[in-house]
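Here the chain labels run A, B, C and D in written order, and each chain numbers its own residues starting at 1.
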């Protein structure tokens, strides 16, 4: 084991808030252990030392929003044996994908005095729209233990134990009281992928789906129920148009209520 | 069972004695308490923790807790938790394995030795525990931790004196009156005689504990009052599931077009399976320490609503939503009878209340039966 | 403490890999020996073990060795995913976790005095091999023996040595077919079910044992039915997701049954109602 | 005659993406640019049309490093717009979660991002090989900050429990009491941190900054007070935009702020410290003095000491809040929307963060304006670079480059927030 060459790890950033890669530094108890088993070869947020590729594992955070980034991701893919995308930006376009529902030029002029300095794409898109992705880790931000689990699974040649079922499963296993049933608060848990530990319901609020759609999400039925709980159509649109707005099932559902 | 239990009466003011006795005997006292707008089962220390005066309204997909004028300790109807979380916990490490070169050694934990005292078990819940007993400790293979906890447990059952909005235990023959399986059975009465419990016992364990309580013999009147209170609950029950020809009619309904209709509403979120007191399905996860020097096996509650549940190489057996809903309902009400000789549903109504979109198993069963 | 049952049946027993045989490009066998305890591992043909690869996971794999030689516990596995891939890279001397044997077995006793028809496709030959060993060891007890084996390509054919041996015997009818011929293949081409029509067995006095992909088994049943084989003389081995192998996890349910304990081998009359249902 | 260019294409150990360009000609710096090529994300644009209650959750996503700051500034702004105030224990809890963020963020910066510069390592993991216990101490400190955020916010990055009006769920007394021991340790560790970093050797470099920060009459500022400076600014936060402006320069996707009609200013720990030294608890003041700091620190390289002093403050403040904590009756003050404009300003670990919103009667956001700390400091950073390089031209390019990087890291800049948000390619007219 000790004599084996350590796999190299690189971390890349596209349009994002840095939170997902910060998760690695937030693994206070595991960070040094991780550094023992992988060689952190390119992680600018943590180190000015950069080893040249290729890399065994690349973690990619952020969405593609500029022509330059759309090219850069291909280069990274070519340098990476395994490419894991982390976070809602990288898996669904992130909150900045809200631009995908309007004309981005309006946004540029709303924010910048000199729109001509700004070059941007019309849409914020997930990494998988551009290159092949080996594994998608959901969340806004990701669960830091998932990140370790993915690295761990890679090192040990197994499948990461990352669920694709609903937040409700975690919520119930944790012993939470369902906020939607017990207080009528809208909750997206039933259509959202587990992984966060059902933290919103644990704090008496409804899930706003920072982990994005679960496997086979019945968004239509949930939207109908929210409507019955007195949610107006514009509220339903906003509910599905959050941090995973551009994920297909959510996009469709919000558009259905926009009419 | 059988033998007419000797009934005594315990003044409500002395209920704490029961907790004290159990705690002195190193039982973990678990029971109902109010948290986050519902009655949940948790570790309790004293009668102060009990949901005294609280009651609830329940209907499809809706639960509301209210503080009434009553002073009953057990005036509520069960909330989202079932006792299985204490007997068959939601997650448990089954073993660890240590690697040394080509070999590995397996280290399995000793049974935990936990002695749970379940306080406030209702008739349907007791029936559910007995259903799980058949699955987890009466077959060829058993779960030793479940069996140990079960054998160590003391069950303080409580008769229902009010039916919840989604209950249908009467039609399942599992309640509202507790019949068997308990150590101590309480019936809470508030009437002109005051606030008291009738106390019955059905085991040595129960009798030994009850003997230490400051009870007095129950009068005929008091016993009658207790009986009537339970009868009232039975009459209140609004929902039914017709057991006649249940299994076969459901088998015949396998290809019913109704399944697709339910699937239009069902979120496949798995809530019903998580709250159901009889659901026992679990998943097993194998994980490793980062260095690979240790491996672990962890068991977690699983649900037939997940896609992975029936995954075999090449795809999931039950890929469609409707096939997964069908599996759940048919398992509960039909397959279970063939597998374990009982219906897998005890009529507690939890899956109806706690389904986020209020799907009702009794209605669906009726629709499928045609 | 608790009537001897306090050992968790989910805890694996370590076995050592003593032999490793590459059967085809994606299929391999190993022979196992227990590291501690009783070295005599008894099983009935058709039963399976849960095999655990350290740190990776556990999967059900049928026992493919000779039941008359209790010391050689053999498994034949096709690499299809995570666990089976990890299994393939294990080496002689490595340890693997075993739980079992579990499940029902092929009706070798019931088949006494009758013709035996074995119909199998792909890796399905593995769970049937113990039956062949067994009945050949007790050849006199049986009537005609027919083995129909379908494979995707000639390169996928498993247990070549065994097959040659069996083909060389006059008292076993062995027929191979491939979906796609290649190279020097001069044998049958086509699905295995086509062979059933022309096979020499007595439909009214035979026992058929079938193992293969579900779709192949459907066609097989219908061909056997056309020949007049009664349902209660057909046996099928089923496959479902399994997490425990002992009826506690719920994953392998097939209608009212658990494949791990009521199966994997079913008599077809007990299965016929559910076998035709989709997504059960 | 002699010309030289210092280029750092990818600034490490800062959050987000920036690069550095310094052009030198004849021992004069002709250009000093901190280019931020973080892709714009247009938060202000897509905040329009969202509900006012969503602002804390959405704006948190501007920055994963100081999400609490965004949540606080936006919550205060919305409460301001709706004419509500959140006081008592809820306000204390807000300060407490802020303490968590300070501890986490400062420990991260001091130990993992900045200290390696002083000790000559490229990162903390390298540093851990020689200074294992120190790095572990830093990690432990950081974890206590994170744990506090988890307890109050649900998670450390993008907490889910804070809201306009307070919190979704208030912690129990017991939940918080569990922090007394760890925080007591953290306070000691912070004092040790001050001592440790005070022993580094610092380049001889000072500037007469205009220090801009909040100032509250009674307490070291987190979320409330006036905006003040050592050069005469003292305004309520609703006059922020009358005093400061943002300009859009070609080399950066980030807007740069300055005092109107004046020039660059400095926000962040050094500014807070300079403007509020008197409000620090005695233990923090003493630690600062012992470390050789005076009441004002003008050497940006010494910001690491100031950060360590603020660590002491944050641990002390957290303990103080926990000791007097009684769970509030309700976890939040209900807030009814009404048409209006609201301002919110809070002290993110790396500096002042200003939000302004206009909402309508339904609580729908009509207009949003966010001025994050790094954009406020960007001009100061460039000015530091210019002066620092001119003073140190004798150094080798390699050394100078490293020190320039360090000069940027002095600010703990969080570049992902500084831009309102895209990798802008520069299109020249």
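The criterion applied here is as follows: a residue touches a chain if its C-beta (ideal position, glycine included) is under 8 Å from a C-beta of that chain, and two chains touch if they have at least 3 such contacts.
Being a predicted model, the structure only gives us computed values, none of them experimental.
By the document's definition of touch, common neighbours of subunit B and subunit C comprise A.
Number of steps on the shortest path from subunit B to subunit D, with steps defined by chain touch: 2.
Each chain gets a centre from the mean of its Cα atoms; the one farthest from the centre of subunit B is D. In whole angstrom, the spacing between the mean C-alpha positions of subunit A and subunit D is 25.
Here the CA centre of subunit C is 65 Å from the CA centre of subunit D. Here the CA centre of subunit A is 37 Å from the CA centre of subunit B. If each chain is reduced to the centroid of its CA atoms, subunit A and subunit C end up 43 Å from each other. Contact with two or more other chains is made by residues 286-288, 292, 308 of subunit B. Counting partner chains per residue, subunit A shows two or more touched chains at residues 156, 158, 204. For subunit C, the set of residues touching two or more other chains reads 55-57.
Working note: touching chain pairs come out as A-B, A-C, A-D, B-C.
Only residues 55-57, 82, 85-86 of subunit C touch subunit A when the two sit together in their complex. Within the complex, the subunit C residues that touch subunit B are 1-2, 5-14, 16, 35, 52, 54-58, 80-81, 93-95, 97, 239-241, 243-244, 246-251, 253, 255-258, 261, 273, 277-280. Partner subunit C is touched in their complex by these residues of subunit A: 156-159. Contact residues on subunit B toward subunit A in their complex (touch as defined above): 35-38, 40, 42, 61-65, 79-81, 85, 90-91, 264-271, 274-275, 285-292, 300-301, 303, 305-308, 321, 353-354, 356-358. Contact residues on subunit A toward subunit D in their complex (touch as defined above): 13-20, 22-23, 25-26, 28-29, 31-32, 35, 40, 43-50, 62, 65-69, 94-96, 98-99, 104, 106-108, 110-114, 116-120, 124, 140-141, 196, 199-200, 202-205, 208, 210, 235, 238, 242-243.
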